[in-house]
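For reference, the structure discussed in these notes is given below.
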Amino acid sequence: MSAILETPVRAFESVSGAGAGEMLELAIGPHHPSTHGVFRMDVVLDGERVRRLKPVFGYLHRNHEKIAEGQSYLSSMPYTDRLDYFCSLTNNWAYALTVEKLAGLQVPERAEYIRVITAELTRVQNHLCLIGFLLQDMGASGTPLMYAFREREKILDLFESLTGARMMCNYMRFGGCRVDLPTGWMEEAQQVVQGLTRFLDEFEALLTGNEILMARTMHIGVLSSAAAVNAGVTGPMLRASGVNYDVRKVDRYGVYDRFDFRIPLGDHGDTYDRYLIRVLEMRESLKILRVALRDLPEGPVMDPKARLRGFRPKAGEAYGRIEAPKGELGFHLISDGSPNPFRYRVRPPSLMNLTVLEEMCMGRMLADVVVILGSVDIVLGEVDR
Amino acid sequence: MEVTDQELKIDLQKQGVLMTSLNELYNWGRKNSVWPLQFGLACCAIEMIAASMARYDLARFGAEVFRPSPRQADLMIVAGTVTKKMAPQVVRLYNQMAEPKYVIAMGACAISGGPFKQGYNVLKGIDRYLPVDVHIPGCPPRPEALLHAFMTLQNKIASQPLTGPARPRHLRAGAPSEFSVPQCGPHGLVPPSNPAVWRPPTAAQAG
Amino acid sequence: METLEEICFRIKTALPAARVEIIPNASPCGQRSLLLGREQGLAVATFLRDDPQLRLDYCSNVTGVDRLEPSLPQGFVQSPSSAGLKKEAGEGLGESGTGCLEAVYHLFSMAHKNGPVVLRLRTENRLAAVRLPSLTPVWRSCEFQEREIFDLFGIVFDGHPDLRRLLMWEGFQGFPMRRDYLVADDFECEPTPHGDVPKRMSPRQGCAEVIQKTATADPRV
Amino acid sequence: MRASDEAFFNFETGVNTYLPVLVLFLCAAGFALAPLGLAWLWAKRFSPTKPGPDKNATYECGLQSKWDARIQFKSGYYIYAILFLIFDVETVFMLPFAVVFHRLSVGGCLAMLFFLFLFLEGLLWAWKKGVLTWK
């Protein structure tokens, strides 16, 4: 374990060899139930209190960007599903949006609406899973997760009937979507949205007022708004610290300006606010879904002029970003006129949100570190790319 | 008319008399309580979790208890991409598991590197370092595919004799229970594969 | 949101010694960028963050780019030659002939909620002088992204609090995302049961010796 | 037959013989040891044990562990454990006190209260020493 602290341990010069004296060096390692994947935190503990926490990445570094440089723009689309493998449709949208910005493509009206519908469904199922895993980290082993996954399966059924795959949808193309809605999908989606609203009330009735949840999350992992902005934290974590910044409202991409939805803001920036923000965001997403499903226009889903075969954008660069469930997911593409991108860069929201993990966990008990990490909502496919 | 054991057993069963052998009893107990190691690497781990949830219900196979510690697990489901940085940990966890232990390589990444095969940090399949019992193709394989893998594994456990040359590895004193853990060298893993386990497929050159 | 020219002008008035240049961007999205001189990089960044009109307090993305050829990316004419990409040498700060490594910063303002201001910082060349000023003291979000660029491209960021490899393991040599990095064990040569094995990848220029050194260590090859 | 022998072998009355206790003890011991013995026999006969350097290494989330799992830890834990043990055992002594409480003479009561006072005095000392406050 001492190998993991090769950087100078300033405050703990007395730490030498086998945990001499009080300090205990511990690796909450790549294989650990609380790290939601192969994430590692090297922790120095004084009894139960965390004195130092250094995250270690790279255990799922699958070289997504290097592979993308060796193949055409379109063939990287299925790889974006595997970035944040909970929300493949928002990854697709971010990539498609950036390439459309790079090449100046137009997207028909119906495709924009379908993109909003699928993105909001993805946001709901991602937040559901997060709350399930957060409660599991807190010790409610299994029950909330069981309910969350039961609802997630209904949304995955919708994705499967629309795109053909449960998790890896590979649905969006540059200039629209791959295929139109199957018959009956609209009614099914409306029923699922109806069911989700009822389920959310029941879920929240069980959890939000729960004393154990409040005791374990209130005033824990507090993040100030200035520190959040400077550290590049985005998404629900940033809004839990009270910063009103949502890329849907700032960039107004897609047809989001046609829906009126509110942006929930927290005022303490602690883990309870992060939990509550996600529940409120789910309610807003359901509101958007009801409106979007009601006035979905007719028309083509793919821009007739878009060429899929031999797609060669002009030389140039573009940075496109969307409000993914975990934060601002950005793609930075530099093209030099050839069918392969010159440089393909993904801006991962989970990695940026981990910048402040040490500040939030400093001095807290070890059990709180697990809950704080759960509330940050990381997915290793996106953190390590 | 020569009556084989099997038919005799079935007839007796009809009369309500159950016949079994020590071997069947041993394997019956083992195959219906395979405890998997909680070992999710990437996207396949989410499908593994979904398989253990209410809808696909891994509990019907007695395998819904996911043990975090390798000491209490008998099955390692390698669910996701094994990178070169993670490979030593995977092999070390396998070594720390108690016998009898099995490995399921879930998903194309665990079998052969899958879509990330050209990656410089991706191990081209876990069977370079570990003996794999069941391979599940798919990226990610559907939860039903994982259930089918459990059925395959249970058939494999059921067909393992207690004695004789064909008995499984954990019953043979000579067979190794541990495999060498690779080191992360300057450019990749050293050794690139474990010769004791991995024999690259020879190209069947026609004619 | 002011145009890039106004920002350029404001930077020059505030920091006369700063070398600032606008890089055109031929893509229709029109996100032109500001190429900063290495010495003044940190000063300009602090100015951009603290200036009341700009308030670029959020550095969203830091991208590492490896430019093997000396020319600029945008506005160059790509002669359609079959052997790949031949580009005329454009003017610009990549003076030395061996190309350069580049770090691109996308800045946003959460206070004013306005769009990206793109900064570019370039190293002198790709071999020895690969040092750039780290902007982590200005925006903390650059910490992990600069560590990743150091890990995958090899740009050394001066003033970075904790410059270690982010993704690869400590003992790894080489910078994998560079264009001339050769993957050590190339998988194509693995014999597949479906007929003839594609000949080994012809070792590209640059790291040929890498392939020979590891080839000997690889029993199968 | 001396009275003690007679008491032991008196099967007719069977009032104060210790034979049932012996039989029950043997059954309990057998019930506990039989599976262990079977498992030991099974392992010896069928599945050999295969200890190895990696298998016996401390589990460290998959990483190479440098030290043994037994390391020094805060002394506060130790003192807390000892205090708990003392008072836990004390409650066991109070059980007979509670059973015969209504038939006890004043002297007996005083003796028991003196016993309790000793523990109380120990608790107050620990409290004053500040051991109970967890830093």
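Points worth noting:
Chains here go by letter, A, B, C and D, matching the order in which they are written, and residues are numbered from 1 within each.
Rule of thumb we're sticking to: a contact is a pair of C-beta atoms (placed from the backbone, for glycine too) under 8 Å apart; a residue touches a chain by one contact, two chains touch by 3 or more.
The model shown is predicted, which means the values in this text are computed figures rather than measured ones.
Identification of common neighbours of chain C and chain D yields A, B. Chain centres were defined as the mean of their Cα atoms; on that basis the chain farthest from chain A turns out to be D. Annotation: A-B is the more contact-rich of the chain pairs A-B and B-C, by number of C-beta pairs in contact. Each chain gets one centre point, the mean of its Cα atoms, and the points for chain A and chain B are 31 Å apart. In this assembly, the C-alpha centroid of chain B lies 43 Å from the C-alpha centroid of chain C. A separation of 42 Å divides the Cα centre of chain B from that of chain D.
Computed centre separation for the pair chain A/chain C is 26 angstrom, with centres defined by C-alpha atoms.
Among the residues of chain D, those touching two or more other chains are numbered 61-64. In chain B, the residues that touch at least two other chains are 85, 89, 93, 118, 120-121. In chain C, the residues that touch at least two other chains are 167-169, 176. By the document's touch criterion, interfaces exist between A-B, A-C, A-D, B-C, B-D.
Residues of chain D touching chain A in their complex: 60-68, 71-74, 76-77.
Contact residues on chain A toward chain D in their complex (touch as defined above): 1-4, 17-22, 24, 27-32, 40, 47.
Chain B contributes residues 84-85, 113, 117-118, 120-121, 124, 184-188, 190-193, 195, 200-206 to its touches with chain C in the complex. Residue ranges of chain C in contact with chain A, taken from their complex: 25-29, 31, 33, 57-61, 63-66, 73-76, 78, 85, 87, 104, 106, 110, 113, 115-116, 118, 139-145, 162, 164-170, 176-177.
Chain B makes touch with chain D in their complex at residues 69-71, 88-90, 92-93, 95-96, 98-100, 162-163, 170-173, 176-178, 181.
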